[in-house]
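Shared between the two complexes below is chain A, which pairs with chain B and chain C, respectively.
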Partner chain A sequence: MSCSIPGLEDAGCLFLFGYNPNTSHPVVARRIVKAKEKGARIIVGDPRFIETARIANIYLPLNNGTNLAFLNTFANAIVTEGLHDQQFIDNHTVGFDDWWKIVEQYTPERTEAVTGIAPQLMREAARMYATAKPSAVLCWGMGVTQQKQNVESVHAIAAIACISGQIGKPNSGVAPVRGQNNVQGSCDTGCLPHIFPGYQPITSLEAREKFAKAWSVPVEKLSGHVGYKVSNIGSLIEEGKVHAFYNMGEDPLQTEPDTNKLERQLRQLDIFICQDIFMTQTCLAADVILPATSWGEHEGTFSASDRRFQRFSAALPPKGECRHDWDIIQDLSTRMGHPMSYQNTEEIWDNEMRALWERAYGASYERLEGLGSLQWPVPSLDHPGTPDLHLGGNFNKPDGRARLYASDFEQPTEMPCEQYPLILCTVREVGHYSCRSMTGNCRALSKLAEEPGYAHVNPVDAGRRGIKQDDLIWVFSRRGKIITRAEIDSRVNEGTIYMTYQWWIGKCNELTIHAVDDKAATPEDKYSACQIEVIDDQVWAERYAMESYMKMKELLAGEAAAQFGSTAAQKDSGLNSFGGSA
Partner chain B sequence: MQKHMAVCPYCGTGCKLNLLVDNGVVVGVEPLDGHTNEGNLCLKGLCGYDFLNDTKILTPRLYHPMLRPVKGAPLQRVSWDNALNFVAEKLLAIIDKHGPDAVMTTGSSRGPGNEANLIMQRFTRACIGTNNIDNCART
Partner chain C sequence: MAVCTEGHKRAGLQGEPRITLFETREVVAAITCHHCVEAPCLKVCPIDAISSDDLGCVRVDEKRCIGCKLCAIACPFGAMHVGGTPTTGVAGVGYYTPSFPASASPILQWEIGVYACAVKCDLCSYLPNGSPRCVAFCVTNALRLVSNEESKK
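For the complex of A and B:
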């Protein structure tokens, strides 16, 4: 985010595009309400009439899968209405003429049939955003990133902020509100195939020399070519490129697209290591399971969505033989010939982060004590941190200028057809999180909903198929067929169904297409073709759903029970006597 | 009752809270006046601590290392020494045969924290010798 989360309240306009804060970030949603109370204008662009649409000054119900056509048109309207900031463009950007050559084509009249947005409404929204004072923020979520043209859409958003001069001042700019608690941190710490910690490129010899020295390895040991992206792991295994996968804290057989195919691929690995806190479906496919301490059982730092470092502490001692993630990894590393012997997280933070990334140097554990927090860049111990990036229109390029990029709109990968006439879009709900291994084990949250979960269906689509509220239905696509329950919902648009991805039996990721873009390799989870039909025998369907759920529960519990069987007994029998139906 | 300061482990807002612990059991949370949450918490923040008590409502916690001695065999409980030696031997053999780029690892965007991620990426780059590290940011 170029601004801070508290700063959202003081913007003059918040444009939420493909972002539903009420389910994904409820406390941010509260700030958006406060912003409205303080006088901010709210624009919502989303095919669903999301909660924030109720308080929006303008609601733009664009068609699914048309983001880039919409954004190009929005930009076109800003320029053709003369709302752009010529001074900012001249002084702080590069590439306007080439950018305009593409954007020029996207007049509101020409794209109305694609986006579904009337030209007058498009122009009103463009005016509200571009003329907002003192600032506007364009917020987005997975509605932008889990699409075929995700990177191109982010380029378009950045260009819109630049040509409107709605960036480079306090509480302005671009706000990709990060989903999980430490997505920002995974990126800050270099858990990406192209960067060391602190966004230092692995392709730079200078950076490799710096890290080789810090890690006491010869520089030749550090690879200079960009690594693989994890969303391609399935095909990498199939192609014989990846033979070993060490997976820390992720349940891809719940959260990644086309899970049936992915499971077959993961089982082809020479070795699959899962380091986790719960026995997940992914752990079932693992050859080695390493039990880690959970949040609440270890300490450390997270980076919040607005680049904010914060400390957290341990409330409980480790359970059983669980060890801290970092301790397990450094032990393995030592056994494999690269010794590490850290005693605590502060030593790691000081040596691996602060010492190697100057923009984090000022964020000492001491300063982050208690409620302390610091937003990077924070280069020195007396630096207050940086709530707003790019102040004065200064961008992170050698010449300090932002690059304007535009691309033409393309249709999603899998368009609806006669056999699969509906769009499946995966979304979030407020009470459950991601694969639900954590929230599903919380008494209060587990009572909110039960397997096989829900598909939100527009009343027209439901009526045509004779589907009533709470009916069990089949949902099927080219990848699979699952059972779920119908939630008839007039807030969702006709032609699209919306499902959350945490359910085991009603697992929408058995249906989603595994298509990733070539730049970010993010799956197109917002757009798969599907069909739904009511199940005639509802009594049978209820029993089938419950029995499937119980069977999976027993399978996981049975596999986990192996950890309590004595090693000696297993050796004697030659089998794991607690192992259930492996 | 003890109070332990934490940051909520669910979304990217970064809400500060206290975990309330009684006799080794987490019995509740209270919101703190963190910079992003200013005394507020959502449903998950307020009710999402319970999994720490290993309720077994959905799926059990992992307490001990386990492995399959050969592909497809049932899981067996093993010592940490056995588990880590098994992994080390397998990884070294794969690197020897196919090169370091045949190994892929992940950091985690969830509970482990920045420090675990820093160690995982150093292990991947300095020990394995590959840049095949990524994280679950896309989902």
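For the complex of A and C:
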């Protein structure tokens, strides 16, 4: 993010595009309400009438999968209405003429049939955003990134912020919110196939020399070869390029698209190692499971979406055979011939992060004590941190200028057809976190939502198929068929159903298409073709769903019980928690 | 909903939420018992399992309730629902076998071998200080407890 999350409250306009904060980030949602109370204008662009749409000044119900057409049109409206900031464009950007050659084509009148947005409404929104004082922020979430043209859409958003001069000043610019609490942190610390910690590219010899020196290894030991991306792992296994997979804290057989296919691919691995805190379906497929600790049992730092380092401490010691993630990695590294002997996470933070990434040097554990937090860049111990990036229009390029990129719109990979006339879009809900491994067995949360999960269906689509509230239904696509419960929801648009991806039985990722873009390799989770059908015998369906769920629980509990080594322990581990409710 | 469920469960009461969210396209609202003066649920209860205390809090005695559901029919706000303890949860083995569709009206649902009982908001009067947990835990301060005096104004 170019601004800070608290700073959203002081912006003059917030444009939420493909982002539903009330279910994915309730704390950010509160700040958006406060911003509105302080006088900010709110624009919401989303196919669903999300909670924030209720307080929006303008709501833009664009069609699913038309992001780039929408953004190009929005940009076109800014320029054709003369709302662009020519001075900012001249002084701080490069490539306006080439950019305009593409964007020029996307007039509101011409794209109305694609995006579903009336030209007048599009122009009003463009005016509200571009003329907002003192600043405007464009916030986006997975609604932009889990699409076919994700990278192109992000380029378009950045260009919109630049041409309207809504970046380079306090509380302005671009605000991509992350999908998990520490995605920003894993990027900061170099958990990407092309960078060392602190975004230092592995392809740069200078960076490799720096890290080789710090780690006391010969520079030839550090590969300059950009690694594979996790969403490509299945096809890489099939091609014989990947033989071993060490999976930490992820449940890809729940969260990746087309899980049936992925499971077949993972079974072909020579060795599959899983490091997790619970027995997940992915762990079932593993050869080796390394038991790790949960958030309440270890310490460390999280980086929030706004580049904010925060420290957290352990409330409980590890249980049984479980060990801290860093401790497992350290031991593995030592056994593989590169000894490490850190005593705690502070030593790791100081030596592996602060010492090697100058923008984080000032964020010592001492300064992050308690509720302390710092936003990078924070280059020295007396530096206050940086809430706003690119102040004065100074961008992170050799010439300090932003690049403007535009691309033409393309349709999503799998369009609806006669056999699969509905769009399936995967989303989040407030009751459960991500893949449910941490929240699914919590009784209080199961009262908010429980297996086999829900598909949110528009009343018109439901009525046409004879589906009532809470009916169990089949959902099927070219890749699979699952059972789920219907939630008749007048906030979702006709022609699309929305499902959350955490359920074991109603697992929507058995249905989703595995299509990734070639730049970020992010799956197109927001757009697959599907069909739904009511189940005639509802009592049978209720029993089938419950039995499938209990069988899965027994399977996982039985497998996990191996660690206790006795049948008595097996009973303790899960079977006695099978109480349902009437 | 989560703190409501957990609090009552810990107190040995039905582990069910007594507050729910009502959502339409335009509105989201928390719905719970209104603790009516001359509460219809209290009047229709055939075994006097529902009572009202000095503060006007209308409560169900979950141990006495026979699960007849008259109160759920009488309630004008739909604040009364039927909970219960399935034998599967007590015995600790086997699993629950549904015998009705979840889409059926809660008032029509019933289960063989399950002790049914009316469940509603008791303003957390099982707690020593008697202050509702939903109010204390609401992060946006959207809920508050109104006293008899205040409600008369």
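Simple rule for what comes next: the second predicted complex is superposed on the first by the 565 of 582 C-alpha atoms of A that agree within 3 Å, B and C clash if a C-alpha of one lies under 4 Å from a C-alpha of the other, contacts with A are read in each partner's own complex, and residues count from 1 in each chain.
Everything that follows uses one rule, which is that a contact is a pair of C-beta atoms (placed from the backbone, for glycine too) under 8 Å apart; a residue touches a chain by one contact, two chains touch by 3 or more.
No experiment lies behind these values; they were computed from the predicted model shown.
Engineer: Aligned on chain A, chain B and chain C: do they clash or fit?
Structural biologist: Superposition check on chain A shows chain B and chain C fit without a clash.
Engineer: Would you check which partner chain A:E524 touches, where first means chain B only, second means chain C only, and both and neither mean what they say?
Structural biologist: Neither partner.
Engineer: After the superposition on A, what does A:D470 contact: first (chain B), second (chain C), both or neither?
Structural biologist: Second partner only, chain C.
Engineer: What is the contact status of A:A444 with respect to chain B (first) and chain C (second): first, second, both, or neither?
Structural biologist: Both partners, chain B and chain C.
Engineer: With both complexes superposed on chain A, which partner does A:A562 reach: first (chain B), second (chain C), both or neither?
Structural biologist: first
Engineer: In the overlay, work out which of chain B or chain C sits against more residues of chain A.
Structural biologist: Chain A has more residues touched by B than by the other partner.
Engineer: First (chain B), second (chain C), both or neither: which does A:R30 touch?
Structural biologist: Both chain B and chain C are touched by A:R30.
Engineer: Can you pull out the angle centred on chain A between the C-alpha centres of chain B and chain C, to the nearest 10°?
Structural biologist: 80
Engineer: Should A:R543 be classified as contacting the first partner (chain B), the second (chain C), both, or neither?
Structural biologist: After superposition on chain A, A:R543 lies in contact with chain C alone.
Engineer: Which partner does A:R485 contact after superposing on A: first (chain B), second (chain C), both, neither?
Structural biologist: second
Engineer: For A:E510, is the partner it touches chain B (first), chain C (second), both, or none of the two (neither)?
Structural biologist: neither
Engineer: Under the stated touch criterion, which partner chain does A:D461 make contact with: chain B (first), chain C (second), both, or neither?
Structural biologist: Once the two structures are laid over each other on A, A:D461 reaches no partner at all.
Engineer: Would you give the minimum C-alpha distance from chain B to chain C, in Å, for the three-chain superposition?
Structural biologist: The answer is 5 Å, the least C-alpha separation in the overlay.
Engineer: Quick check on my understanding: which residues of chain A belong to both its chain B contact set and its chain C contact set?
Structural biologist: Touching chain B and chain C on chain A: residues 26-27, 30, 431, 443-445, 575-576, 579, 582.
Engineer: So in the complex, which bits of chain C are touching chain A?
Structural biologist: It is residues 1-3, 5-6, 9, 15-17, 23-26, 28, 82-84, 86, 88-90, 92-103, 109-111, 114, 116, 139-140 of chain C that touch chain A.
Engineer: Residues of chain A touching chain C in their complex?
Structural biologist: On the chain A side, the touching residues are 26-27, 30, 33, 49, 51, 54, 431, 443-445, 447-448, 468-472, 485, 490-491, 538-539, 541-543, 546-547, 550, 575-576, 578-582.
Engineer: Which residues of chain B touch chain A in the complex?
Structural biologist: Answer in residue numbers: 2, 4-16, 19, 21, 24, 26, 32-38, 40-45, 47-52, 54-68, 71, 74-78, 80, 83-88, 90-92, 94, 98, 100-123, 125-139.
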